[in-house]
Structures are given as structure tokens and as C-alpha cells.
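In the part that follows, the structures are each spelled out as C-alpha cells.
Note that subunit A is present in both complexes that follow, paired respectively with subunit B and with subunit C.
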Partner chain A sequence: MITVCRIEELPPGESLRITDGVPAPIAVFNADGTIYAVDDTCTHQDASLADGWLEGCFVECPLHTALFDLRTGMPTCAPAKTPVRTHQVSVENGHILLHISVGEPA
Partner chain B sequence: MKHITVVGASLAGLSTVRSLRAEGYDGAVTVVGEERHAPYDRPPLSKEFLLGDVDAAALALGDADEDEALAADWVLGERAVGLDTADRSLTLASGRRLRTDGVVIATGASPRALPGAEHLTGIHTLRTLDDAQALRDALRGGFAPRVVVIGAGFIGAEVASTARRLGADVTVVEAAETPLERQLGREMAEIVASLHADNGVRLLRGTGVAGFTGDSAVTGVRLADGRLLPADVVVVGVGVRPTTDWLAGTGVRVDDGVVCDAGCATDVPGVVAVGDVARCPHPFTGRHARIEHWSNATDQARTAARTLLTGAPAVPPATAPYFWSDQYGVRIQMAGHVPAGAVPEIVEGDVEERSFVAVYRYGEAASPVAALALNRAKLFNRLRRTLAPATTTAVA
Partner chain C sequence: MTTFASESPNTGEAANADEPSSLISTLPGDYYTDPAIFALEQERVFETMWFCAVRAADLTKPGSFRTVQVGRESVIVSRARDDSVKAFLNVCRHRGARLCTDESGEVKRAFQCPYHAWTYGLDGRLIAAPNLTSMPDIDRTEYGLSRVHVREWLGYVWVCLADTPPSFEEQVMGDVIDRLGDIESIDNYAVADLGLGRRITYDVKANWKLIIENFMECYHCATIHPELTEVLPEFADGYAAQYYVGHGAVFGEQAKGFTVDGSEGFDRIPSVSAEQDRRYYAITVRPQVFVNLVPDHVILHRMFPLAHDRTVVECDWLYLPHVVGSGMDVDRSVELFHRVNQQDFDACERTQPGMSSRVYRKGGVLVPSEHHIGAFHAWLRERIGRLPVG
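Entry: the complex of A and B
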């Protein structure tokens, strides 16, 4: 488990890229008040999803505009075909906590 | 419409098949592709693939599940050589004829060649997977080759960058004084051009090529000013020609590409064109020009599919054209259209660090008409959505 930041440090519409203490970079989003975390690297080609455009609970890859559903990690349109792995997040005592998934994406 | 034939099996062709199915078309689809490969992604050919970081399988655009869902008949390794618009049939190089109701022209473009290269080995162009494999083999031959890249456009710059990373001694020869000036404007183009020198690659500007030396294998590039650049590998990246020869005499109007309306419709009913080969008026740029961007091939596919299925020109999205390039570890992203007189302003980052975002403003209202980013994807993607066509912001 990793403490990401205080909740007020990630306001709605914002994202963070976590690189310390994780096997591979993870992107954390505040989508209209709900916190999501997914693997940061687009499954299509090398791009950081934390840099992507957030719309509802979808993030658009900043390179090819593939859309991923942050709830499931599933791509909803080409060119991405493979889901990104999702990670559990919780908010405790005003901090966002990240519980890293292991293994393959669903 | 019961049978649609897509001529061209690359991104534009595959995207049109996807769009036809997404629009509910459930008739037959045949895709004719000159290359023997199933559709693959071309941008990595000058980058990750050339470097050896990914193999050909990783470039596949489709997969088995999608193939089944699309239910198209793939005719690969076959070139279309004729189209009979009265009879609604296509002729392939093998002599085979295909009857069809609708036709999607997605034949793309092929690299321009330079005279004198025909009889020499070691002179490459880069468009296809096979081209990239041949160049990859040449660059990774076990010694550090001397590489001369002719043309400092995006392909040339990316190949130079990759060759440099593979340890080659690289010189880039560019006919213009400032490469990419038309796309980026002079000030920003100069910054991007400086990436070559930053990374130990020589850029010779305003320099024409007179010919090549060598008997069977190339040994050098002769410049217009008489200088000779010794070379083991030469890469020619001087632009492309749209693949339209096969349409001569068919009634489909061709003039630097297939001439289309904004909905991708050609002069011939039931025939549309998409991707690099299609010359459509663009609602954002206001220009009637071919656009050779990856994102244009996918955007146009939706428009062309709707036009073909409804028989009336579909309205294209008025989004800003977008492209990217990876050079020397720097991700360059550009959106919009830079008209003469647009002024770039750095809004974030630092030019010296090669990490910044510039917004181009135009007209009395100083409206944002284009955005350029080096290694700054996040702000770039926000700004990309705020751009306005210069045609609507221009002062009359």
C-alpha cells in the first residue's frame, strides 16, 4: 500500500503519475470526485495516461486518443486492444491510498 | 449496397471497414492490399521497430477477435490495377476481377525516389514493413555505418534519430534552409531542427543532392555544391506521391491525390477516398489538400463510411489536424494549422530544456490556431481542444 497524496492535492479533473515504490508507473485520477488508479503506460504504444484528457470516467491516451474506462481498464476504441490494469484506491484520514494489483489485467 | 470493396489495407482502409460496421452496414466487405501483411501500424517503423525494440507482430492493427467481428474478405499481396466505374468492377494485377457496389480508395502514397538510385544497393526509402526490415538490417549490420539521410522532414528526422541511437555516424541533408518551416513556422522549426545538433547529428541546410557514387553498392552522396559525403547507408525521405496511377482513365478525378468533397466523395457515385491518397477540403484548415497524418486516416474513415452508406456527403469533424513525432527522446506534438503571420508564444516550459508548449495566435483577436509541444503532453492535450480555425478568426 502506498500513500499517494492528501485528497485536496488531487482536485477533480486532475491526475498524478506515481513512479516511486511501484513495479511500473501508475496513474491516479480524480474523476468528478471519484478516485481511480490504472497502469500509467498505454497498452498500445508508449504514452503516459496521466498526461491524458479526462472526461467522465474515461481517459484519452495523449498520443493516439484511444479511450480507456477507468472503472475497468478496458479500451473502448481503437487503436488500443488490451486493457490497462486497474488498482484499488481508498481514502483514509484525508489521504489517498493505493493498493497495487499484481498479476495480469482482467 | 450489398458489396463494398476497400482498396488499400493499411490504417485508412481498416478504419473504414471498422466504421462501416459501426454504422450498421452488414453487407459483404472485401479488402484488397498490395502488401502481403495484414494491416499494421506505420509510425513505429521509423522509431521502435527500426531500433529493434518491437517486432513486426507488435505492429498489428487488428486481432483475431476483431477479424471475426468485421467479417471482411482480405485479398492481400494483390494490387488493384483498374476500376471500371460503369461496370462496377475492379481489376487486380493477377487478372482477377471483383464485382462490387461501393469502392473505398485507400491506396495511400509511396515514397518519392531520387534519380540515380535505381542501380545501387544501400539506398533506402521507408514506407512499408519490408522497407523498415531492410533498413533495420542495414543499420544493425555489426559495425557503425556512415548514414546519410536526404530530407529533414519527420521521416528523415526520425530515421536520423534512430540511426544515431544505434551508433551510426549520421548526416542529414535538407534542401530547404529551415526544415519543417511550412508545418511549424520558422521560429519553432529552428528549435526542432536544433535537436539534430544537440544529439551529434550534422544537418546540412539549403543543400541539394546531385547524385550518388558507387558501382553496385552506394559509397557516397554527391551534393549540388560538389561536396561528397561518404556513405554506407543512404535513406531518402523527400516526401511521397499519392498512389493514383491505377485510376488513370477511370473517371475518378486525380490531381495530387483523389479529388474529393469534404465528405470524402469523389466525382463518381459510390466511390469514396480516405487517408493519404484523398484530397478533401478540410473544415479546420480551410485548405483542399492531402493530409498525411495518422489521425486523419481514422477521422476520415468515419466520414467516408457515412458518405458511402447514405449516398449524401457526410459532414467531417472540424477538429484540428494533429500529428506527433518522436526524435532523440523528445516527443513532438502539433495540432492545428499555422497560417502565415501566426505568432508562436511559449506558454509553459523552457525552450533550452526542449520541454515546452507553444501556442500560435493569429488575427486581431489573437485566437489560438495551433499548438506545439515538446515533451509536454498534458497541457498540449488541453490546448488542442481550444484551437479555432484561422479561417474564422481572420480579419476580413
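Entry: the complex of A and C
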């Protein structure tokens, strides 16, 4: 388990890229108050989803506009075909906590 | 720095000593035909001065953009997320591909290079690129788009490609003050608040200086502008409004408005003064803007010099918002100066081929009512540093 940051450090619409203490970079999003975490690297080419655009509970890859559902990690349109892994997050005592899933991608 | 050997003395004085004193010489023909001189002008005029690029209201929302040619550079002028206007060189910082190939358009939230997909925010910052996260030493501002200075005035976005731009007040407003006597005289027309009634783009096969010189004089008016001379009878004498300071040509008694047939125009722009009513003012803002002021509208020309023998002119007819908003018929109003433009640009195109004739090697001559054009020539020579060798 990793402490990401204080909740007020990730306001709605913002994202963070976590590289420390994780096997692969993870993007954490605040989508209108709900916190989501997914693997940061797009499954199409090497782009950071934390640099992408948040639309509701979807993130659009900044490079070729693949759209991923943050709830499931599933891509909803081309060019990405493979999902990104999702990770559990919780908020405790004003801190965002990240529970890394190690299993196969969803 | 380039210096040019030249056969003519290039002093801006009479081309030869026998010339009658009522005549002064123009620039030599090669100023209008030599690509090397045009290259100097691109570098030392268009890329160093304030250049009127885009009408601000054409950039309707964040992501709207226009690309314009300024000197040798293509420039993107666009509206950012915070509604401010920004301008960038239209060149990808990776390997130089042109980012936007369209003349105008809209991006959703970023400019993306069509080559390897480097992606820049509307503020120019590099926001994404393939493998960017594995190159953490790339500074996203440093490798963002190259910014160009911007300034908004009269409802237009002016850009300057110089590292340190000249004073906008001195260069741009200074030319207006030199012509009108003060800045209030143009403020009265509230140009930034007017709406676009019509835009006509002219692709003129002539050197940009022929167009400026034409605009500065009215020696040709009685010959090629019958409709204009009808509305402004004093133009038949050959003295342009630009010959004087603060002078507006008075409408003829028969003319109800500044229209092709002298019929009624529209409501006077409310802040136009009583002295300015029923008068026509013309201003050249060097190096590429012409402004015409009449009581009910403003005509603003932006020139885009593309080659030594080609200039694109974008001309906007601007009216009070209610005139544009209610869809009133501006045809007769637009038609007057549209004809003037066609007549003038035809004359410029007729002149361009003569520039390379051997008879024009030392140039032509300016009659007294054109002598003020000599000041433009002197200014240009100094600006491009093209002085005789020796």
C-alpha cells in the first residue's frame, strides 16, 4: 500500500503519475470527486495517461485518443485494444491510499 | 550582414542630375524583382516589426487558430484555454514538421504534430510524445512551441517575431498619429467593437511596395477610380488624404453615404466626432496595414507579402454590431471600396512586369503630389540597410 498524497493535493480534474514503489507507473485521477488509479502507460504506444484528458470517468490518451474506462480499464475505442490494469484506491484520514493489484490485466 | 554592390547610387535623390526638380526618383527596379532584396525585407521588416496578423474575433473559442505567413515564417495564432491569444512558430520542436497545414481551424485541446505525434497544449507546452516519460530530462516548456510576441489593438492580433519587439506605441500607434494627428481620432471609430460585415481576399501578383505606394497617392484616382472620385470629388485633384496630417477628404454634396452609388450608408458610429462626419481618412501603418475610416464603417487591409511578386491582401469591412447582426444589406457599401481595390490591384499587377524592364533599372519618378512616397522609400532603404558599397 502506498500513500499517494493528501486529498486536497489532487483536486477534481487533476491527475498524478506515481513511479516510486510501484512495479510500473500508475496514473491516479480525481474524476469529479471519485478517485481512480490505472496503469499509466497506454497500451497502444508509450504515452502517459496522466498526461491525457479526463472526461467523466474516462481518460483519453494524449497521443492517439484511445479512451479508457477508469472503472474497468477497458479501452472503448481504437487504436488501443488491450485494457490497462486498474488499482484499488481508498481515502483515509484525508490521504489517498493506493493498493496495487499484481494480477494479470483485467 | 549583407551588403549589395549596386550600379545606381541608391541615395534616394534624383536618379540623375538632369532630372527636373519637380520629379524625384522611385526605388530602382530591382527592389521590386530581386528575391534577395525581398529576403532582406522579410528578415528586417516583416520579422522585426509588429505585423497585423488576425482579427481577434475570428478566434472564436479556445482551440480556434489561424496560420499566417510573416516574413519567412509560418505563424499559428490561436486562442488558449484562458481566452488569451497566443502565437507560435508553426514548427514542431522534434524534427521540424509543420504542425498546422490548414489556414484556419479548430483543435479540441492540443496541437499535435502529424509526424511523430508530439503534442502541445494551447499554451504551447509539450504535453505528450511517444516515450516522453522515459525521457524525464526533457523540459516541457523548453521543448514547447516557440512563442511569438502578441498584442491586441483595433480588434486585431498583432505579432512580432523579434526577440525584443519595438515599442508598439511608437511603431504602430505612431504611424496612426503621424497621419491623423492624435490617437483619439481613431479611437472615435471604436474599431474593436465593430463587427465583420464582409471579408474579401485578393491574391495580387505584385510586389508589396507597389501596393503601398499606390495606397499612398491619389494621382491615379481620377483615372482609375470613377466611383470613388464621385463620392470624394477632391480626389480628382490628385492629392490623397495621406498627403496631409489630420485631413479627411470631404464627401461630395450629392453623396448621401460612402457607397458605390452615393446612396445612404448606415448610422454613424456614435463616437465619431462632428468634424469627422462625412469625411474619409486613410492611414498606412507600416509595413502592411491600410485603414480607411468613414463615418459608418472602417475598412482594414492586411497585406501578406509572400514573394517578391506576390502579395495576398485580406480586406475586412467593419460595421456597427447591429448592422451586421440584423443582416442589413452592406453590398453597396462594400462595393465601393471593393471596386477601388480591384482597380488599384489591377494597376499594381500592370506595373509589376515593368519593374524588370531595362528602362526601369534606375526606377521611375514621383510627381509632387507623390513626393511623400519618397519618405517611405528612404525609410525602407534604411530599414534593410541596403546602402551603396564604398
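Note that in this section the second predicted complex is superposed on the first by the 106 of 106 C-alpha atoms of A that agree within 3 Å, B and C clash if a C-alpha of one lies under 4 Å from a C-alpha of the other, contacts with A are read in each partner's own complex, and residues count from 1 in each chain.
Here, a contact is a pair of C-beta atoms (placed from the backbone, for glycine too) under 8 Å apart; a residue touches a chain by one contact, two chains touch by 3 or more.
All of these numbers come straight from a predicted model, not from anything done at the bench.
Superposition of the two structures on subunit A shows subunit C clashing with subunit B. In the superposed pair of complexes, A:Leu63 makes contact with subunit B and with subunit C alike.
Contacts of A:Asp40 after superposition on the shared chain: subunit C is touched, whereas subunit B is not. In the superposition on chain A, contact is made by A:Ala78 with subunit B only, not with subunit C. Contact with subunit C, but none with subunit B, is seen for A:Pro25 once the two complexes are overlaid on the shared chain. Of the two partner chains, both subunit B and subunit C are touched by A:Asp51.
Once chain A of one complex is fitted onto chain A of the other, the partner contacts of A:Glu8 are absent, as it touches neither subunit B nor subunit C. Only one of the stretches 7-15, 25-33, 43-51 or 97-105 belonging to subunit C overlaps subunit B in the superposed arrangement, and that stretch is 97-105. On subunit A, the surface patch touched by subunit B in one complex and by subunit C in the other comprises residues 45-48, 51-53, 62-64. Those residues of subunit A whose C-beta lies close enough to touch subunit C in the complex are 17, 25, 40-41, 45-48, 51-53, 62-64.
Every residue of subunit C that touches subunit A in the complex is listed here, in rising order: 109-110, 112, 117, 119, 127-134.
Listed in rising order, the residues of subunit B touching subunit A in the complex are 15, 18, 41, 43-44, 48, 61, 63, 66, 294-295, 298, 324, 331, 333, 377-378, 380-382, 385.
The touching residues of subunit A, when paired with subunit B in their complex, are 15, 45-48, 50-53, 60, 62-65, 78-79, 81.
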